[in-house]
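Next come two complexes, and both contain chain A; in the first it sits with chain B, in the second with chain C.
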Partner chain A sequence: MTALVTHLPFFVAIWVLACGLYGIITSKNLVHLVVCVAVLQSSTYVLLVLVGFREGGAAPVFYDLPLGTLVVDPIVQALMLTDVVVEATVMALLLAMVVRVYERTGVLDPDALLRLRG
Partner chain B sequence: MSPRTRRILFYFGAAGLVTILAWGVLGLPAYGQYQGPYGDLVSYAAVQSRHATDVVSAVNFDIRAIDTLGEEFILFTSVMGVVLLLRKRVEPKDVDEAAADVATGREKEPPSNAVRLLCLGLVGVSVLFGLYIVTHGQLTPGGGFQGGVVLATVPLLVYLAADVRVLHQIAPRKLVDAGEALAAGAFIGLGLVAVALQEPFLTNFLPLGTTGRIDSSGTIMAISIVTGIEVGGAFVVLLSSFLAETLERIPEEHRGEP
Partner chain C sequence: MTASAWTPAPVALPLLAAAAVALFGHKVPRFVRTVIAFATSAFTAIVTAGLAWASLGDPIVYWFGDWAPRGQIPLGVCFVVDPIGAGLAALASVLVTAAVTFADRYFDDVQAVFHVLMLAFLGAIAGFCLTGDLFNLFVFFELMSAAAFALCGYKSREPGPLQGAINFGVTNTIGGFLVLDGLTLLYGRTGALNLAQIARTLGGAHDGLVIAAFALITCGFFVKAAVVPLHFWLPDAHAVAPTPVSVVFSGVMVECGVYAVARLYATVFAPSFAGFVPHARGLIIGAGVITALVGGVMCLAQRHLKRLLAFSTVAHVGVMVSGIGLLDARAFGGVATYVLGHGLVKSSLFLTAGMYLHRLRSVDELELRGRGGALPGALFLAGGLALAGAPPFGTFGGESEIEAAADSLGYGWLGIVFTIAAILTAGAVLRAAMRISFGWGPSDGEEDRGERSEETETRPGPGLPLAMWVPAAVLLALAFVLGTLTGLDRALRESALRFQDSSAYAARVLDGVVSAVPSAEPSADDGSSLPRSLLVVVLSCATAFAALFRERIPAGVRKLAVALLGGALRRLRALQSGHVGDYVTWLVLGVACFGALSALLLR
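Entry: the complex of A and B
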């Protein structure tokens, strides 16, 4: 039980991931679906930031800190940063696809798109 | 598959996935107790041997620079994908004419004075702030990725304050396209200079300068600046592609007419 308490913040990441997945499965609108993919992906930010956190640690910037000060892990923060930018452009690509799908078919419901084929 | 069966199937799959993830997460060190040595080693390496005080930038633009290069090209290709998907199939004869809000079929309401004042007031501040973030990435939190996004908001502010014609004037599409591509190429170019000097790809070859000054850290700063141009350009291309899609679309019955 104590493990559940000490690891509680990590479950936030799992919760956000599950929310995103649920949204993707039950989505009735492609724009909503793209937003759900964004939610799903934000779980990785939560996890990355949490993994590198150290209690009492400062930000890993030694401009005004002496070297050797306790800081949070800079590696995962660097990973998260590029993740954010790449996600933004991937969202743009997905939304552009949605625009074209709507133009071709006139519907945004993913289930209706399945019925249209054939 | 009906939505209902799909949902039931999802519940089973999700239960399994969440269980495995929870199991994995419980094997991690407790929250706040992470003791891995690499973060500290990287901090020393960044400050002592690269003269960069922002370790996050040093990781991105030096220690794992080749991965950042790959990620930058993810960005580059997805922007290319958007441009390809949203390309105009009917070329309007006069872009300026078509740039007005013809899709709505009536005169566009001019933006309110409050919006114009706020947006124009923010333009100068955003340019300055964006340039500061891009150029100080090696010293304080920031760098090319963040600063590029800040700089890309400037054309958006101009669009909100004026209209799309002014946007095309301050950020001509050809210039932005060329700038984005050149900046992406410059990242590889900086890596190849090191190769030409018989060092591994992306090794620093510039003078390191005094730690804590703006001209310190050698290639970290150079790569940060080209990344800033690339990211800013990419977001402006995205912005103008989506605006072109919504604003420059010609109604069906007017196609072919000037």
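Entry: the complex of A and C
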């Protein structure tokens, strides 16, 4: 039972990952598709938090904590922040392209956009 | 000033120049922007080549902000420069230099954003090749991808490029997440992000977590490297990107994925899988062989020149992945030579296709039949021969090294796969070159079913501008000259020996221990590679002639060929559906297969 609880965030990460992938594969709308990529990305946050979490750890700010206090890992928080920034750029770029697609063709269905094949 | 002081320059200079052009680019004439981009990338090429030279005897380790390790625990981020990484960065700089030169006369209106993106892309690739930190590697990977998505969709007024860019963006972002998940697992296990420290902390540990991290990271970079079945984005993206962008995509970006897989396997995972070398070989070589064959067959079936070249890149990536999959220093040195030769030759071919698009307003092989001029025709033919591995182009030296290593390890059959891939891709390029230049062959055929449309990018002008054909000729000449330098071959082989040594890498980075220069045994050329490569060249020409003069082939043979290949080809074509959901389905399947096989074989 304890093993299940400790590994629960891990299963959540896999579940969110699977949801994002399912959404992308079955998407009928390009905006929906980009949002699904964002859902997929959330699974990496869960995984990062899981890795950096320490049972009973305080926030890693040593302003009023004595040195040697158990804190959660601050490095994964920095990683996550970088991840957020990088992926926000990619999302913005993808959405900008979707806007362009809509301007050009008037549809958002990926099925209607099959110019390249074979 | 020592060499190590120059280490951040290949990243800092292009990024600073990109920022400057972004701020002030619209205030200066287009010519000035081109000169800035040209000067920056050319200077970066000199610096990275110099770093490669300076690191021949001993890798350069540069700690940012002087945050050197305290008691073997790295506090800061470091760059670890070795000739292979710096050489790849130098190749990227040379290709960007050629691309911005070509682009000056190519677009109707080169906007400042083009130069900004190209320079940011170059800075990201340089950082990707030089860094010694896993998270840093991921960030540069994403920066490179973001710049590449924007460059791919540069012609954003047309639906084709937008579709290509969205497919490219979505699949490669998923690849990035796979890498991030893998590195998170490694961090959770070792508490380290520095490659050397991860390697030392893992200490050859071998368990489910390491296998999962290996599968995730390798698959993530395989998306970028376009390994089948994660490759579907590549032909769409490379074909619709503006020609100068296709040059850097095919010439170096895809190879960066191969480099990262090799770097992480050699530095981090090799000690863990030391007892499973044949299994790991089977896994990676299997992926490479499928990629080489699928890419080759699809390449021969195209009529859109840029798409044809894109599929040939898939085939050549298959050769490179098979080469690193041998997990052998000699093969790896061969892959390095091959990447260099292939990057230069493929870029020259893409630039030539761009000249056709400029002069004749089309990149459709059948439409161009008999209309090509002498100069692009000569460049295209020479490029086709170089792709076939005609000596002394770099592709020849590289391929014969990989084959020699494969022979000595008992994978001699790989030589046959490489030969088939070379015949198919070079045959397709030669067929196109002869059809366009000499007007041979029918104006319809199996190629007829492929993609053909391509929007023109320029206003028609008289003749070929100097800025267009000179870069293509210079790249081809470079591939020729580099292939004749025997010293280069040897230096790359020695660097490959060091590249494969995980404990020496960790000792150099964490303890500052300089290991002795490994001496590569001189290449035991038994004289069999030259006749072999000539045979490949002859067979490629024969394939091209067979495709062109297919009416003269006896009907029975033709029917047999159609029965053998026709169905497979139709199925392969149908898979390339252009639908991003299909591509992601294949990606998931590919990753699941690779993960399951890793779990079975490496356990």
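To be clear about the criterion, the second predicted complex is superposed on the first by the 109 of 118 C-alpha atoms of A that agree within 3 Å, B and C clash if a C-alpha of one lies under 4 Å from a C-alpha of the other, contacts with A are read in each partner's own complex, and residues count from 1 in each chain.
As a working rule, a residue touches a chain if its C-beta (ideal position, glycine included) is under 8 Å from a C-beta of that chain, and two chains touch if they have at least 3 such contacts.
Since this is a predicted model, take the numbers as computed values, not measurements.
Of the two partner chains placed by superposition, only chain C is touched by A:V101; chain B is not.
Using the contact criterion defined above for the overlaid structures, shared-chain residue A:P110 touches chain C, although it does not reach chain B. In the superposition on chain A, A:T26 contacts both chain B and chain C. Of the two partner chains placed around the shared chain by superposition, chain C is the only one that A:L40 touches, whereas chain B remains out of contact.
Shared-chain residue A:L48: touches chain C; no touch with chain B.
When the two structures are aligned on the shared chain, A:V61 is found in touch with chain B, with no touch to chain C.
On chain A, the patch touched by chain B and the patch touched by chain C overlap at residues 17, 21, 25-26, 50-51, 75, 82, 86, 89-90, 93, 97, 100, 111.
Those residues of chain C that touch chain A in the complex are listed here as 135, 139, 142-143, 145-146, 149-150, 153, 156-160, 162-166, 169-170, 173-174, 177, 180-181, 184-185, 187-188, 193, 235-236, 239-240, 449-451, 453, 573, 576-581, 584-585, 588.
Residues of chain B that touch chain A in their complex: 3, 6-7, 10, 14, 17-18, 21-22, 25-26, 28, 30-36, 38-40, 42-44, 46-48, 53-60, 64, 67-68, 71, 74-75, 78-79, 81-82, 85-86, 139-141, 143, 145-146, 149, 212, 231, 234-235, 238, 241-242, 245.
Those residues of chain A lying in contact with chain B across their complex are 3-4, 6-11, 13-14, 17-18, 21-22, 25-26, 50-55, 59-63, 67, 71-75, 77-78, 81-82, 84-86, 88-90, 92-93, 95-97, 99-100, 111. Interface residues of chain A facing chain C in the complex, by the touch rule stated above, are 17, 21, 24-27, 30, 33-34, 37, 40-41, 43-44, 47-48, 50-51, 75-76, 79, 82-83, 86-87, 89-90, 93-94, 97-98, 100-101, 104-105, 110-111, 113-118.
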